[in-house]
Amino acid sequence: MSERVRGYALFATVALLLLVVAPLALPAFRLDELAKYLCLAIAALGIGLAWGQGGMLTLGQGVFFGLGGYAMGMYLKLHDAGGDLPDFMVWSGVERLPALWQPFGNPVVALAAVVLVPVAVAVLLGALVFRRRVRGAYFAILSQALAAAFVILLVGQQGLTGGTNGLTNFYDFFGRDPEAESTQRTMYFVVAGVLGVLYLLARQLVGSRFGRLLVAVRDGEDRVRFLGYDPALVKTVTFAISAGMAGLAGALFVPVVGIISPSLLGVVPSLELVVAVAVGGRYALAGAILGAVVMNYAKTSFSEEWAGGWLYLQGALFILVMTLAPKGAVGLYQQARDALARRRGASAAAVEKPGVAVKEEVPA
Amino acid sequence: MESLLNQLPIGLSIGAVLLLIALGLTFTFGQMGVINMAHGEFIMAGAYTAYMLQDWAGAQAAAVALPVAFALAGTMGWVLERTAIRHFYGRPLDTLLLTWGVSLVLQQAARDLFGAPNVQVVAPSWLNGGVTIGGGTLPYNRLFIMALAIACVAGIWAYQNRSAQGRRMRAVMQNRELAACSGVATARVDQLTFFIGSGLAGVAGVALTLIGPVGPSIGTYYIVDAFLVVVAGGLGQLRGAVIAALALGMLNSFAEFWTNASLAKVIVFAAIIVFLQFRPQGMFVLRSRALT
Amino acid sequence: MRKRSLRYWASLAVLPAVLLTGCGDSGDSGAAAGDGNTIKVGILHSLSGTMAISEVTVANAEKMAVEEVNAAGGVLGKKVEIVQEDGASDWPTFAQKAQKLIKKDKVAAVFGGWTSASRKAMLPVFERNRALLWYPVQYEGLESSPYIFYTGATTNQQIVPGLDYLKEKGAKRIFLVGSDYVFPRTANKIIKAYAAANGMQILGEEYTPLGHTEYSTLVNKVVAAKPDAVFNTLNGDSNVSFFKQLKSAGVTADEMPVMSVSIAEEEVKGIGVANIVGHPVAWNYYQTTESAANDEFVRAFQARHRGAVTSDPMEAGYNAVHLWAAAVKKAGTTDVEAVKKAAAGISLDLPEGKVTVDGGNQHVYKTARIGVIQPDGLIKEVWSSDEPIKPDPYLKTYPWASGLS
Amino acid sequence: MSEPPVRGAGRAEERAEAAMSEAETAGRAEAGARELLEIRGLQVVFDGFRAIDGVDLTVRQGELRFLIGPNGAGKTTLIDVITGLTRPSAGSVRFAGTELVGRKEHRIVRLGIGRTFQTSVVFEELTVVENLDLAATFRRPLWALLRRRRGVSDTVAEALETVGLTDLAERPAGVLSHGQRQWLEIGMLIAQRPRLLLLDEPVAGMSRQERERTGELLTTIAEDHTVVVVEHDMEFLRRYASQVTVLHEGRVLVEGDVAQVRADPRVQEVYLGRTAEEAA
């Protein structure tokens, strides 16, 4: 019980730190950067769920991030245009608002689409792929190819999507100037709040029977079939949830950073997110969040100091993490704590039960 | 109509390029389950080998570089296998991230060694020009790549079917445990497979200098396509890789002819997804009585 | 287990927040532009990622210009201090770093950007903060932000002269090849309008994804169409594959010249001179451009970077710094509105010749030059507009372009 | 491949566990010695090799049936066909009147057939009780699984008790010994509340003690379940089998009780004789 209390106390501490200390201590643009990392952390949380818990290595999460971001961006663009065509369409020679854009003039539709469109795409893909038992490396490669194809499609349809430029230059975010400091501050709180809520929901999911089933699917998909469950359904649902999270992350990213463009959704950014999750610790949801924040923070600060070095450092870090600490930072922490406990236990002449280490792998 | 017919040899030549870049992966992926994202950087190493040898071999560098690139990229692959990948068997998805890290380091190393801009590799003069088929020209350098692809496939086929080492390789590919029990030194076979698979990437890299850029990021241009060939072709299947590469080459060539290059890429991806609806079994037969 | 995870999350998440706090402190207390003994300027180009190839050289030219300004006594009696940031070939990063330069470093001006996408991403940041961006690359026009100075060519200083040249050479049937993004698409729209008004025929218009390297099909299409000339707006590495494929298809510059607008001295090396020799390019500056200012520029740059070539965007970046310095001197302050006002009409003798800032649209007058690629990899001027062309980003003075924007 | 919608899987899914087992008990009582599983004219061909070549087999309600035969006789293949893992090239498999051929694995499980595997597969990262709980809750709709498990359900407790793993309930399955894993698998099978249990070599690799324990377990289970056991172990067979079907080269060789089968000269020739000699 005290364990539990301490857990909640620490969650509260982090919440306090993020919601009170950081806004007070950080200058506006650093807070904005932190908000950006937290957006990416939301997407990473989804990856932690799909990959860490469900074993689906999704290398195309950028696609869902993008779908959410573009849904939000399209609304903001239409709103700014106020009945006219968005600026990029004018210089792309589009004369009438494309049918695809029509519904996004409505904020409710756009906000719903932020989650529903990624979920729908994920369900469709999942139904096609998981039902045919495409998995593991094949799924990873397919999802990567999806990201590549999606970017090509986005870039190629310039009149529809803004091409490489993406959607940018927003003036009005639900009645406020998105670049104003007060808006940025509000957005920071919104992002942190959404992340907190999603984290708690994801934890609930992982702790539930569904979560146990998901781990079972990850470790023995075929065996699960003989328990009477349809693994394709379980995977599709999880994949859709993680896609929805990525969509939400993308939508929040737009007002925070002020742009959504294909360069955020391609193969490399998607992979970078996955790697961040691996570095943080894929088997723990907290690890995914931690990884996304720390890796993106490191990327920003390193590229400020020594741009070329970041690639070496990033590469070397993956190699080290994958070789020495496949369970990431959280895994290392657990190992260290276990080692400590064992030493204490040994001195107290307590018999170490075998399998405690295995138990530690059970994700939280 | 005439230029439509010209797409046939073009499709073949695109297929040959795809085959060359994917051939090595078929084995490292097929036998060892390693998703080697650094394969693209081994291709890059091959390309830079041709560049470096220019000082010494002049315009013949591209030809001279073939064996050198095979040895160099093969050695890089071997080192990678020995130092890192061998700790990862049974964790294929982790190798993906590991080798991506390796690829980042290699790319940046190339940038520091050779500079960020592309470098120039002069094609041997005997590859200038081409044969005229119908109304179009099939350049000699494309023919050279096709011949090279055929030679590589033939070489691998002979190796797998005619040499003792190759038969061991096939044995490990089909059933690792059984092969190990039958006295095959699987670790040895793995090293050799990785050497050959990476070496083939080096060969592909040399060939690509004839038709594409030579720079630190060339690996990233080819890696996704190479993996798609492997996925469509099936695990460790020489035959599958050949058919998949040619089919994707043809599809690419005609799709681009009728639409445009951007849409062609999307069409190829969609085709693979559809293909997997019909033939996932080609790759996912449950042969073992024990479940995974 | 799940209870513990909260604790990890907590203890570990504290770290970055604390680090961020630490970084933030030094930032806000930093000297603003004009304070102390230096004036800060930002240089914001991609030092990593795919665009680094091109942008690093521009950043180097800009740094050299800053040093020249400092060697000549600085501006307003103060040295100019560079704050360099990496855009990392990623447009949101450009926006975010621009924000950082303006808000944290409080720079007087930022020199940066290459791709249109990076400029479009930075534009709102500069407009909202009323800060100055100097953008040094030729671009697709149809833009005139009050907070950006454009020192590269707009369409009527590069693409239109390129077409004039082809028309002069008697090319009637043109094929358009480009990478699939905003610059080529806009450029081709202009070309089509020009062609319609000048009795030229557009035989085809093909786009390939950025980074595309398989050009056999496209070259087949081009060869089958038998154009008099090709207008090429491909970007980066794609040019290498395209020209190699063109050469092996037996196409020569004599029978089918390919006019390129994104290939400068730097790119020629990577494509391979043999593959591109004899083809024309359109710019405003070449390393071989004859002027005293250019001799000095090339000498100074090669003294710093052994064996380097100089190219149009580098020169435009170099110009931007000198034009800004002149404007600040004239205004007597780094205040953005004052500098903007002072910049209008400033005219300097720079490597490409006389460059004058247009006060209206904040572009510059530039001389258009068509060059042909030589066997030594340099570019020889074969045609020029003789005098600087007034920038017209919306092509308002061209009747045939009336339907474009 | 069309099949009549008898006792539709869809409806079965929505039924609560309790109701389900009630219905089963009722069904069992009324059916008596009714045929539960009917296999007719079954053929399985792997790359031209006939693994099963015209097998007919009937298992009645309440029966404990042993399937034996030398390696390659087609025993496991037969189980694979019943559970949907392998698709036959010809023939039919009917379970309580429902055609199974062409159904997906999990649908077949939902009809009430459970199986174990030669190499036991349990979820090592889940605890014993979590493994059992997963097995017990598959009839619930997915959304009902979104709640956390509170305590241990009766079904699970019963299964724990039956297989004797109550003490290890909260330990991860990864720490179990080979024998314990097999028992856990059998426990998961019981927790599924199936109408037909298929056990694939349950005592392979077990120690003598473990075999005995498994044998007792089998006897207990067979009291109120229909069970088919694939087994190699002759000693085990002698002690626990009632009805035996001998497969040889993909065909049914002999069927009968243990004594009959043992006495049959053809069986001795292809199988028992050799094994007996080896055992001796």
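Each chain gets a letter, A, B, C and D, in the order it is written, and its residues are counted from 1.
Just so we're on the same page, a contact is a pair of C-beta atoms (placed from the backbone, for glycine too) under 8 Å apart; a residue touches a chain by one contact, two chains touch by 3 or more.
It should be emphasised that the depicted structure is a prediction, and the values quoted were computed from it without experimental measurement.
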Fewest touching-chain hops separating chain A from chain B: 1
Centroid-based (C-alpha) most distant chain relative to chain D: C
A-D or A-C - the one linked by more C-beta pairs in contact: A-C
Geometric centre: closest chain by C-alpha means: A
Length of the line joining the C-alpha centres of chain B and chain D, rounded to whole Å: 46
Whole-Å gap separating chain B and chain C, where each centre is the average of the chain's CA atoms: 36
Interchain centroid distance [CA atoms averaged], chain A/chain D, Å: 43
Contacts with 2+ other chains: residues of chain A: 152, 155-156, 207, 220, 222-223, 226, 308, 311, 359, 362-363
Touching two or more other chains - residue numbers and ranges from chain C: 52, 180, 207, 209
Residue list for chain B, restricted to those that touch at least two other chains: 111, 220, 260, 262, 265, 286, 291
Contacting residues of chain C [partner chain A, same complex]: 1-17, 19-21, 23-24, 27-28, 47-48, 52, 85-86, 88-92, 95-96, 99-100, 103-104, 115-117, 120-121, 123-125, 128-129, 142, 180-182, 185-186, 189, 207, 209-210, 404-405
Chain C partner contacts - residues on chain A that touch it in the complex: 3-4, 6-8, 10-11, 13-14, 17-18, 21-22, 25-30, 32-34, 36-37, 90-93, 152, 155-156, 158, 163-166, 168-170, 177, 179, 199, 203, 206-207, 257-259, 261, 263-264, 281, 284-287, 289-290, 293-294, 297, 301, 303-304, 307-308, 310-311, 329-330, 333-334, 359-360, 362-364
Contact footprint of chain A on chain D as seen in their complex: 83, 104-106, 109-110, 114-115, 117, 121-126, 130, 133-135, 137-139, 142, 145-149, 171-172, 174-175, 188, 192
For the chain B and chain C complex, residues of the former touching the latter: 2-3, 6-7, 10, 13-14, 17, 111, 116-123, 127-130, 135-137, 139-142, 210-215, 217-218, 220-222, 252-253, 256-257, 260-262, 265
Complex contact set, residues of chain C against chain B: 50, 52-53, 56, 180, 206-209, 211-214, 216-218, 220-221, 223-224, 237, 240-241, 244-245, 247-250, 266-267, 269-274
